[in-house]
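The structures come next, written out as structure tokens.
Below, chain A partners chain B and then partners chain C, in two separate complexes.
== the complex of A and B ==
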């Protein structure tokens, strides 16, 4: 869990909340998220639209618009990120923490070559410059499996295919050997065979650099093959967290169980899916009590009254549910 | 075998690429390039493939929303491509399409009962009867009939897709072309719509052509599956056959790339990660379209186009060196290396 030398986690998030002022009132996107991430560890944050999975990491990096109100604490290598000056954040972003976004087309500037942009990522942090930076960007492209890197550094983003652009973004993200990679739906825009390539590149790169990773995704399948721990978010809160095995083989929260039973699987035939009724709540109209309550088959009176606490249900495994003890185990549900 | 409801024969849809001052044609995008398939009544045929494989163009070409370049489409034996404008309108009542994006495909200024009733009105039903039918259909797709006077923005994504389905159902079609109908939806909502499609198929005796990139969804819903790659059919097989014994190297690689929500299986899986990108359909490779990414490709694959041929009951593959039942791509690559 913790750094061998200091005993401190790489990133420690405590009670993070994010709200947005809107014309229709305050929208609470993240409502009290806490977690620790050890150096080199890989954690996934899973959730559907509006669950707050992306907003929480954008908040850490100071990438949210000014209308966002952020409270709580996020300590990265001993430094508090929340409330940190823009200048200081800039020196961290792209240096110690790097982000990989879903859409690499909008993340690159269309007017500069890929090589120049990767080189710039090194230059702004004073880690390389000029010809050296450019030749390093070619090395980085080679590392992420872009063929003919010496030629491709002189090309513009539109000359790269979607998969190649995503590789180039990974190259840019690892240019400064960050300690933490935040990958926000890194393969959602890609075809499945290209997704497999990109996930393989990410795994190889992490093997080489030892970077920790937060993988943000809606795809539980993707998580199963690429993370050690998982947080399942719903309505701005963590509903369940645990090791990858506990989440997939012994999910205790009705929402996690519902997500798993909603998924058609490529590796077996099922007659009928078991969906969750209803739709995810709007941020502006969160149900009173448990956010999942109105869709939950186990709801009781207490569920409409107050939100449940995240409670330990096993070793490194916690679930947020009033009815914890009454929820059938997954082995019974899925049989 | 019964008479097929829909037959597609060597269908080609090419788009001209124009360039220069005079907009002269400098090439063609071979979006659909010789596709043949047949669909039995009440069957669900899945069309699966990655970007640029032509699956969406195929669906639209069958309905002539895009005019195909050549080839034949027959509905109950009747030629669709040569049908007159008037006959086409009648045929479209029997062949409906549901689009991917439930936000873009509904008119935001119309209440939903008018949206659903519009096809009926176009086909001559009077206003009161059309509206009554619309409310019936809202009920059939699991929405409240009294919400018919609401506008699309008042519904969630999943509910909007239900509205799109209700609209497609309004003319009592036989064939529904479903183009990525659940791709824009969250997992928990996606499952609801998939189950709804299952139920409606039984209730209204529908035949589905289900176009999607998500193999897990396609496997779940389809009786038979057509795998497309760069405008051509790579493999056709019963749903379970395709998953247990894919014969085309592309099908095999595609299936192995789909993640499954099971950490132990994921760790132990033999995954073939295909190298390279999907080539552009404006300049497809000679011979076998897949050869540039195929670990088994030899010279013959560049010289000779593999014809779609039978390898088992109802199982067709377009490959010079198809995998045997039970053989994996890794086995074959290993055997070749020895």
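== the complex of A and C ==
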């Protein structure tokens, strides 16, 4: 899927790496991530904490602390984001690329009204100001399903419930009709029932504005209904990427299979969940070879020697595994 | 907000009563005005009787306290035996003005310099500027007032006396003949008062700003495309102000209640030394007047800080 006019993707990321200088040495948070995202497309990045999924999106917007070293390339609508001047990035942030953050409790400034904060998103880009911006904020709140928006814009964040706040956050993100929405764990801090509502709002909004979306989550269940493609990340690398169908019905990577087995399913007879043994590796002490090696039930000698390459295993489907052919298919594992 | 303020002022009355009673009791218990007459060969029985009558020394302390309050609320602050029997009210206002003349510039300077250095070092965290401010701060934290004051005395009274015209331990350090004279005489004591508090202030404000700097909503503001300058002036400062207001109210209470050490080193006739003299000589009326003033000051500053919270933070409303 590419832009019809130019044949260019909306966002093209190549070999993105991010590392942090720490007292104990360099911590490599993202180690070579590449993907293309077409206009209007929705892609999910899935992984455990520390897999580098949030860091890679923050790096695109230049929102990481200065101790972060970023290399590689990320071309957004023909412009290189990595190394872009602060001023130019500012004009993109919130205008062309908007972010929805994880914790709506802390992501709003407690001292300003919700209306002020949504209006500010428009004002900084000169798209509306004063009374007009405020009344547009009310319209946006209405769009995301906040009742009585005219009254709610004058309220402060602490007067909103978690779910309402996340809706307000979405309203703020779409205020300038961005081409790309980055949703960083948008439902993690919410109740399960509210999660579904918020995802629905997101889907509706995307339907209306046609924005592309990168959904960052650790919750595979969330991905199924809201993304077209998935990247599974582990230890700063993409371990498997493919369409929703291929990831859910034909996962080839042991890590993806592990994630799926550890998730409850309605269609599965077995009543036991199988966890992945062990814990994700520390960024400061990545295992030599495959990052997942020490936790992998299929590991062989080669896995401890060098990292595997991401290799095509089907149409629009790739997996990073030395043991590619020996890994049993998901239909056999899950049966 | 108005009702809250009134309620707070009303609830301050028991605080004032308790604070003044404790001070009264402590002062009366440890010092006996009659002591001064004990070694006096030429003093007459009349002088004795007069002191007993003046301080109701034939009555127990709680009763003396009640009669002191009775006199005080009717406008009679008593007489300062430690100051040649002058009326307390006269000395109280005179020294009060002197204290303000020293404390006000110190407070203003402390507030400005503390905020500037604290914010600067927070925004330049772990860079040269931050390390420079931090090092000087630690120097200030480590240096007691009496040492810094004496250091200034040595440098400006002995090495370069022409600058401020200070003579070492000059008997009257305050000069109000002209604004110029005032500035000359007030500069060194102000610096002394300020420097020691400044170190703590600067560190505190740095921490307050750093705390807010890493808040999620600061990242949200940046993600909206708000410029760095505006993120700092609009989103960061107002949030950081809440703990800083507390600090400022504490500073004001500390400075305006007088400083014993600084006033002594620079011979500044303020509350600090007056209070010490009065307490040591069992001058109950004068001690009480100053103690009450300090208590009122602390209560007022707390109230002011509370009202400021309400203005700054919509989550804190008092109605």
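Assume the second predicted complex is superposed on the first by the 330 of 335 C-alpha atoms of A that agree within 3 Å, B and C clash if a C-alpha of one lies under 4 Å from a C-alpha of the other, contacts with A are read in each partner's own complex, and residues count from 1 in each chain.
One rule holds in what follows: contacts are C-beta pairs under 8 Å (C-beta built on N, C-alpha and C of every residue); 3 or more make two chains touch, one makes a residue touch a chain.
Please read all numbers here as calculations on a predicted model, not as lab measurements.
J.: Chain A superposed: clash or fit between chain B and chain C?
T.: fit
J.: Looking at the overlay, does A:103 come into contact with chain B only (first), chain C only (second), both, or neither?
T.: Only chain C; A:103 stays clear of chain B.
J.: In the overlaid three-chain picture, which partner chain does A:273 touch, first (chain B) or second (chain C), both, or neither?
T.: The first partner, chain B, only.
J.: Quick one: name whichever of chain B and chain C touches more residues of chain A.
T.: B
J.: Taking the superposition as given, does A:86 touch the first partner, chain B, the second, chain C, both, or neither?
T.: A:86 contacts chain C only, not chain B.
J.: Touching A:331 in the superposition: chain B (first), chain C (second), both, neither?
T.: After superposition on chain A, A:331 lies in contact with neither partner.
J.: Applying the document's definition of touch, where does A:194 land relative to chain B and chain C: first, second, both, or neither?
T.: first
J.: Would you check which partner chain A:220 touches, where first means chain B only, second means chain C only, and both and neither mean what they say?
T.: first
J.: Nearest approach of chain B to chain C by C-alpha atoms in the superposition, in Å, rounded to an integer.
T.: Nearest C-alpha atoms of the two chains are 8 Å apart.
J.: Overlap the chain B and chain C contact sets on chain A and report the shared residues.
T.: None.
J.: Spell out the part of chain B that touches chain A in their complex, as residue ranges.
T.: 50-51, 156-159, 186-192, 194-195, 198, 213, 215-217, 219-221, 239-240, 243, 253-267, 271, 273-275, 277-278
J.: Which residues of chain A touch chain B in the complex?
T.: On the chain A side, the touching residues are 48-49, 161-164, 191-197, 200, 218-225, 244-245, 248-249, 258-267, 269-270, 272-277, 279-280, 295.
J.: Show me the residue ranges of chain A that touch chain C in the complex, using the header's touch definition.
T.: On the chain A side, the touching residues are 61, 63, 86, 90-95, 98-99, 101, 103, 106-111, 113, 120-121, 124-125, 156, 158, 172.
J.: Contact residues on chain C for chain A in the complex?
T.: Going through chain C, the ones touching chain A are 215-217, 219-228, 230, 235, 238-239, 312-315.
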